[in-house]
Amino acid sequence: MADAESFEQQRERLMNLMLKKGGRTTKRFLNLDQATYRDGLLPARQKELLGLVASAVLRCDDCITYHLQQSHEAGWSNDEIREALEVAMVVGGSITIPHVRRAYGVIEEWGEAPRSSQ
Amino acid sequence: MADAESFEQQRERLMNLMLKKGGRTTKRFLNLDQATYRDGLLPARQKELLGLVASAVLRCDDCITYHLQQSHEAGWSNDEIREALEVAMVVGGSITIPHVRRAYGVIEEWGEAPRSSQ
Amino acid sequence: MADAESFEQQRERLMNLMLKKGGRTTKRFLNLDQATYRDGLLPARQKELLGLVASAVLRCDDCITYHLQQSHEAGWSNDEIREALEVAMVVGGSITIPHVRRAYGVIEEWGEAPRSSQ
Amino acid sequence: MADAESFEQQRERLMNLMLKKGGRTTKRFLNLDQATYRDGLLPARQKELLGLVASAVLRCDDCITYHLQQSHEAGWSNDEIREALEVAMVVGGSITIPHVRRAYGVIEEWGEAPRSSQ
Amino acid sequence: MADAESFEQQRERLMNLMLKKGGRTTKRFLNLDQATYRDGLLPARQKELLGLVASAVLRCDDCITYHLQQSHEAGWSNDEIREALEVAMVVGGSITIPHVRRAYGVIEEWGEAPRSSQ
Amino acid sequence: MADAESFEQQRERLMNLMLKKGGRTTKRFLNLDQATYRDGLLPARQKELLGLVASAVLRCDDCITYHLQQSHEAGWSNDEIREALEVAMVVGGSITIPHVRRAYGVIEEWGEAPRSSQ
């Protein structure tokens, strides 16, 4: 949990740095990135799963951790999330296994009880 | 349409070659690949969209074309599919634009009328 | 030359399709992509060379062709462009050679005479 | 050595988690991954070297460490392993150097004396 | 066969262009690339298989075709080559299937009779 | 600063190991890598920016850190470097954000005062 917080703290500190020091293109891109996962024709929760699988096949641990948390918050069950990771693993191959493995570790920290929606 | 058929014909001929000449690992992998997109906790149609986004960020035109067709068959509207591609484009960056552009060309060939579910 | 035109024509047709049929995120991303290469602290012409090298190490032929043309229009000499491609080839390895090779083919079509700035 | 054990311990814990919590596709993929490196027409030891080079060009440190250990166990000398890494470095480019560099660090921990074949 | 020749002819024409117009770094890299696959502690034929698998997981059709031909020339049987491709497919995932499929098409053109070593 | 030194110390130790234990191809590649960034038609400082963007789209933190330092030494201002990273972020997509974010952290350690050219 401490590690997860630390990840989130560093993430927030550096993100603030990007928003403060970055140029106009940087700010526009970060805003666009946020907007991409909002409800549209596809609900936000579904887009989170798309973002998770995209992150997993591109093998970016920070991105995977972020979308895992967002998918969890959005109400996907642990088993549904693990099933989405299966698609990533088959598309992306055994090279994704260390990343999927770490994702299992992140999921495990949540416990299997239904998350509080808060 | 002729091009799409040609893609499918070559795909089928070479896939048969893989099944005939490939070793046991090859056959197992191809079977596993098929099984990955069947209904589970997540419905098959949702997995197709995951496969599409994974293919788009990894920039594999043949994989994109295949999952576009499967997603279309699974009942996703053109606009829903284009929205899924938005996630891929933002995650994967402008380097995905030529692939997303070609995907738009494939979608256009279907027409915007509701597909026959057959 | 016919091939280059055909590439540009298809590119334009599909780009128009993206702008017409794509959602708000798609339009914003395409606009942002355009804005990225405008004069800033770094002049536009320098950013084209950055875009070229990024495209080359990510091995996207359409992107390479586009940034080759933009770099040429921006006034870089053929030899300067080939030197930028050297950086891409060493960073990206021999897997980039087929793409760099095709880039040499594109450059050759321009001739070695100074381009018209028009 | 402690670090290597720690890597292996975490790897084993999370792999057990994947086997316990993962769905059928996950289990089938992990089994298939194991089976891929068994003796076939090509001996297992040769496949380990193929797996090492594949891991190196895809720049996955955990995968590289795993295949380094397997290649070492399979009887390849340190110099032979370093020569395989040369192929990866030239194919994959300077972007692989940090990974190859860390691989040299792993190899160094084995010492240069002949490994016990047990 | 005509296609294979055409690939080789274009490859040769553009490679000559690179050697003629490229700078010193380009020439050194192309020479180094050639040298990488010569007999060392590992025989040249084994390095070709490493190059093939590296090319397949990085999904470069031209590189795959080149190393397929070199591996064939080096005396690997079609079945041995297909087994090496299995490693690539499992490491690299289903995203490699279109490339492996095309590799099967290239192999098929050789016939299954023992190649002439000339 | 301690972290930066530690990165440089490990980098130097392992690089020395590569030069000592690596074969002829390894040494030639490392020499070539050095030579690539020397003044040519394009000045060395410009090539550093190309190397930085290439490293960022390929998402190699060690490579990014190295080219950040080299770009800083070469006299690029923090804002110019951040603008180069914008190109990388738009080309490479949101998957590059964690790497760009860490780059902002590295840049921040330099302070915003003009660097000593020593």
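Read from first to last, the chains carry the letters A, B, C, D, E and F; within each, the first residue is number 1.
As a convention for this text, contacts are C-beta pairs under 8 Å (C-beta built on N, C-alpha and C of every residue); 3 or more make two chains touch, one makes a residue touch a chain.
Nothing here was measured: the structure is a model prediction, and the numbers come from that model.
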| item | value |
| --- | --- |
| Interface copy of C-E among A-F, B-D or B-F, judged by whether over half of the contact pairs recur | A-F |
| Comparison of C-F and D-F (more C-beta pairs in contact) | C-F |
| Rotation in the CA alignment of chain B with chain F, degrees, nearest 5 | 180 |
| Chain located farthest away, centre of chain C as origin (C-alpha) | D |
| Whole-Å gap separating chain D and chain E, where each centre is the average of the chain's CA atoms | 23 |
| Centroid spacing, where centroids are CA-atom means, of chain B and chain E in whole angstrom | 27 |
| Mean-CA-position distance for chain D and chain C (Å) | 37 |
| For chain E, residues contacting two or more additional chains | 23, 25, 29, 32-33, 36, 40-41, 54-55, 57-58, 63, 79, 83, 86, 89-92, 94-95 |
| For the chain D and chain F complex, residues of the former touching the latter | 59, 78-79, 82-83, 85-86, 89-90, 94-95, 97-98, 100-102, 104-105, 107-108 |
| Contacting residues of chain D [partner chain E, same complex] | 32-33, 36-37, 40-42, 46-47, 49-51, 53-55, 57-58, 63, 77, 79-80, 83-84, 86-88, 90-92 |
| Contacting residues of chain D [partner chain C, same complex] | 57, 89-96 |
| Contact footprint of chain B on chain C as seen in their complex | 11, 14-15, 17-18, 21-23, 25-26, 29-30, 33, 36, 54-55, 58, 60, 62-63 |
| Chain D residues within the chain B interface of the complex | 23-25, 28-29, 32, 35-36, 40-41 |
